[in-house]
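Got a structure here, written out as structure tokens. Questions coming.
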């Protein structure tokens, strides 16, 4: 199994991780097969577990597994277990091993109104509080997932229709969510009022498709229709009827700007913009803001490549693959005691010695989280004979944790959370270090700059300005413990 | 994996199957290890799945698996996952593959009052009705097991103490149950008012033990204290305090007489009597009621052995192993097309040709369910050269299904449900066929005979007289379908 | 997986173990399916590995696996991999884990004369010497099995026909062998000149079958023709032609008498006698030679049952199941520290307390090897309240190792190798201990007694009189080390 | 499992595949750990099986597995099975499933002179002939691998020393080989007289290392010493003594030029040149020879990237990632019937639509084998809105099979084997198609051009000029069938 981020990953241990991807399709004769393919295209959003639920007009069917989509859903047998014209699925970047399969989504429940399945990307920041209230009324939770709170709120809602029940439930919920919901009546997709997490809509013949990113539409052969708007609630019936609702009225959108920086695949369209172009633009901004006298622009592969192309084009310095990335990474190996300095990082990245020897190089990476990999990469360049190593980062310093469905280290482990620029430079031992400015980042995504009064994106990881209250925050880091009363550990 | 009944099995496909065994221990330093060993001794009561839940004073831990106890709980690692001085477990004869691990007990829930785990042997005959009511109030079921109904009734009970909540819940429940319950306060064991399913109590040093059969006490080295009485509810605290309650008052007991006939191990004590002696006595009654002029008494191994010894001793006809049973059974093999007539039955039972050749034999089996195996055994004896084959059965004709936690074929598939004695004899092609009488059976277990007004045992499978109402009966055969609203099939 | 001896085992660790079983069939449309079924019936002769080789007229196909036949050959896919009308197979009681799959038989080689496959039951006692000579000439061994020596001797023989090559090879070989050989011309079966290991022949329609025991013929539906005679070499062609050869002339036969005592299934015919009757006869001899004043005859199940029936019939003391054997044994469990005295033995055997309490009992077992299990069984009887425990053994004291394909402990670990009768009695703590005499054993198998000048059976394990030279003896216990030059350990 | 070529792969089904990588180390305290890491760095040379053999001064130890190095050798347990200061290993691109583990190298044999292990990259083109001779003298082959021929030649050589035996053996052998050999005396590495397959030497502290590519030296932390010269035979003793021999005298070298084009990692040094620079140079040559009026240079990732960078730098046309490659490929998915046109290729490569829309693009790929993937890529570009699609190939047309250890389709399936340039262009539906010239290729690797009289590289796949006789050629495609007499298929 390969746990690396597919497209843009520098080092598995030193990146923020998007926690989930969702996909749904209704009206297709082989919905589960399309769903598996779509989730495969979203694999970079969650590589540790995957599940698909389908509905055949009468019954719901669910199949879950640990590992990649291809490990669990590439056989004809696995797809045959999921009959029907509606299917929804989920890939997950699992934070803990202990909680096991119970937390693998879609979650499902038999409600009095019939079956109810949900796949959720995001994080509910008052889940613990809501769970305690529900349990005190006799609700029995089967997972430690915040998503299950939504199901119980729907189950106990007194509103008559599913739309009303779900609206009723989501009104109590605080945080970020992009949901794909299935009931015997059809599929629903909704996005939190600020649209923090992405969700798009497409068309595949007569079928309607929802996905976290447009790349999943491409891969199944669907046409991109539009994004699900922040606060929008879309219902699709089996006869193809589509209804859009705005139960929360209009609030200013705050989509996650880090989707442009790193999370989304470069061939996706996010918030109406090409992610690849955004990244190239960031590289160009960076070249303008933080120029550098050097012989080569070298990307930290693969996540630094688009920004490096931008930097090279803008600066006129040649773009070269001074670091080669192995595709075979996976597990840790037993280290031989002799000589294998930095073998861990070399297993993944190896200096292209003949290229960098005797050269002044500008390294381009998308972001710095803990800084540990950046340090190793700089050293690797020096060991290979680079004369100077300048480090340029295609995002502002990441100094704050995310509570909206992204796995971030504690602030005390974020390099920018504990050091100033010069200290960071010393830590990674670069000759110079520079980040793109927050306004430069906003310019790169087509705006004039950041609107301080009302920022156009959620950029809390850079600015610490969280767009929602964070009720459960205290215990955030150990979410499982926080959300549960005495927990039953299931192997 | 070996799916045969361990002790008494003639043919896996042609026996009634006890559906579960339970075991609990509190106050032992290595409770889970003792629990694994105890469940291993109850393996014949359920061979398809096993689970253990332990409590370490703070948290509950659960581990479940498909297959035998030894496959899942013989490693030190598996036991180390289950710390604490209290542990309870369950072995299960699974009726369906589809429902998977979710139905493997103990079931567990985090209630507002704390963790609650339950292992159940029996069957709740109004579970579907109760489930529908609970779901209509917002309860979400995670399994298709009738046992989960008890948990939801406890979760929503308004009584203050756990004892009261459980009593409140069980008052609504109809059918058979022997329960081992764990909460942060300690362990509780209870048996339905008629005591249909067995449950005994023992002592292992300072620890208190509960088990479906005394053989589990023997194997863990515990001393047999007494049986849990019908309708009794026993609480054991961590300080060793034991409290007995009779929340339902006194009602006449009706324990399952088939435990004597086949379910329990012969070295167990059931309802204060040695099971082995009961079986020998049945064989003696049979010899008196249904004598036979023959050269040899041949048991259908292994379940017919004790009754055959009794028959031989009473009749003076020599006891011989005319049929040899293989211990290696398991799966079905691909049958070679030539010659292998009855290879299936021969894989399990083979004629001891030199012994039966030219002889008049009395075959002794514990019961006849569908009759298909009996037919093959009779033919095997004739093929091996037996001159006459007389069949004697150590129980009355089994003509009725059981709804108290025993897997029985539909009545239309029970040989005694569709034929009279002569037709049965013709079907199995024996020279003669006879069953012990119902009164003979009662005499064999130490009574003067069956009390028609108020039978001392549940003998519904022989008489059709069910001791409780059977509310959900209509859909009983497909229990999963019956108990659930549109069901989510999980692989 | 269940590693216990199927039929007759008392305790897996305290018995001699037959090391192999072989099966071959030629002329059947679905040879591999019959072979799998036949090997399944021989499972008690080797439970740790199994292999089948088939020939479809052009190519040979081999499939091997660790574990039971049912684990490896019950699927249609596994049988479909083995096409053709000829198939031969082997079950193996593996002595070491390290040597792995390479030693799983049938062994196969492409010789200049075509394919050559062999399955071997027995042990070549000069294999090391022969191997050294072959390697010095450039032979490359792929296994550490003594059987491979035969293949290399055939490969390098200068004789023209396969019959001559094989005869040439076997002339150099010393020890015990029962072989099933396959070549593109057909099947051959042969037995060493003294016929130490068993081999029988049968007919299934037009097909010819060979097997270690007649029970395998029964199970596949074949008719028993006759045994392969000691020193006989039988060729069967694809057109059904059968040719018998006696390349070594006539020498007195010395079949293994322990096949009657324990190795063969009771429903097999060995050396023209019913094994079950032999065992009953031994019990009767024992009752005459070593009578006992007691209330009950109790067999150590299952291996002591036939002798106990004989003892009871001869003595008139009632036969009772005073010990109940669990069918679920397998692995060792983690022992809870409290109370579980003898839990290991109880997992397998449990006292039927109500039966033995207050009684004087005669325990009957087939043999005593190390004595450790006998001690535990005696103690278990006393713990259950037996007043007196007398031990009677249905074979003479086992004081010598076997070098003919039977796994025996070193002499220093054999109870009878290091103690006299009274010391043995004290060791197992019985009130009395007695063995059948060597002449009594010969009488039980139909002879007048042991012919000292020329014993009719190999009884070396009782008498120390080995019928062949033991060239490699020095290193015998660690056979792998002994037979090999610097060995390549393959995982 | 990920079957894609790691670095440079366009499409697993449409590339030539190097069949093996070898690694050896002697004199290191944890040789096996270094070997695992080194093989991991060579994973792109063979992804279906891996083996390591070590020697601890007394015994050899071997562990083999199917799949990747990380799947088989990343645990401490796996390395602990391989003690000693010398270890050698092999990764393999397996051609057939049937032959299974027996063909996984290193191959090992106990010879009269002691243990002998060999790992081989290459192909012996007269193996069948040699095998037939050996078998006729009594040799028994255990694999269908051509490598085993070398072992049998060594085993039967009459020369006294291992060096002489091996030289004697290799004198009979024809074709390509790079060998790592282990005996109790030490390690030997040798390369065929023309040095067709690569092999380099390095130093890690006091240890000596051999590897197929320098990248494996980098990753274990070793220093590159020099390449093993064509026809050179290097012995390394345990005391560090290194002896070089030239048993075959000097012949002109002909290393495989395709290592520069595709096989080697770009960060390796092959034949004294940076592979990355060679590829960039090819791109530059291509830009000069085959210019193109276009808006963007788009590499087919990842194998086309270095040449595309060269093409872009030389032509001045911007380099852009117009195709995004997924890292999650693996298996084939069940295709939904609707819409998913080219879903297979899209799972791996997806158009970066916003970049290519409306643009004239030059696609750069390293080579065209069957052409099927090229066709799909061109269509994908057009579907994404590209106005013109020009295809430039960084190698000459591949019109001939390779018989030196490279997996090539039959000539009739090679696009250049059955079509001229215009037909090829039509087949892949590009607006234009051009290949670098053979002289351009030679210039790119630093020569003045191809020396027709005596080519400096083996370029048979482009020119059809094979540098050795091809004795077994007739049956080459089905090597297993060809090399064997009636074969025993082992599952």
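Lettered A, B, C and D in written order, each chain numbered from 1.
Quick note on the criterion: a residue touches a chain if its C-beta (ideal position, glycine included) is under 8 Å from a C-beta of that chain, and two chains touch if they have at least 3 such contacts.
Composition by chain, UniProt nomenclature: A, B, C, D = Amidophosphoribosyltransferase.
This one's a predicted model, so the numbers in the text were calculated from it and none came from an experiment.
Trainee: So which chain is the furthest away from chain D, centre to centre on CA atoms?
Mentor: Chain B.
Trainee: For chain B versus chain D, what separation do you get between their C-alpha means, in angstrom?
Mentor: Chain B and chain D have C-alpha centres separated by 62 Å.
Trainee: Distance from the CA centroid of chain A to that of chain C, rounded to the nearest Å?
Mentor: Centre-to-centre distance between chain A and chain C: 62 Å.
Trainee: On a C-alpha centroid basis, what's the spacing between chain C and chain D, in Å?
Mentor: The separation of the two C-alpha centroids amounts to 51 Å.
Trainee: With centres defined as the mean C-alpha position, give me the chain B-chain C separation in Å.
Mentor: 36
Trainee: For chain B, write out the residues touching at least two other chains, lowest number first.
Mentor: Nothing qualifies.
Trainee: Show me, using the given definition of touch, all chain pairs that touch one another.
Mentor: A-B, A-D, B-C, C-D
Trainee: What residues of chain A sit close enough to touch chain B in their complex?
Mentor: 53, 58-64, 81, 101, 108-112, 114-115, 117, 135-142, 151-152, 155-156, 184, 484-491
Trainee: Across the complex, what residues on chain B touch chain C?
Mentor: 2, 4, 6-7, 28-31, 33-34, 36-37, 40-41, 43-44, 68-71, 73-76, 79, 204-205, 207, 215, 218-222, 265-267, 269, 274, 276-277, 305-306, 309, 313, 318-321, 324, 326-343, 346-347, 350-355
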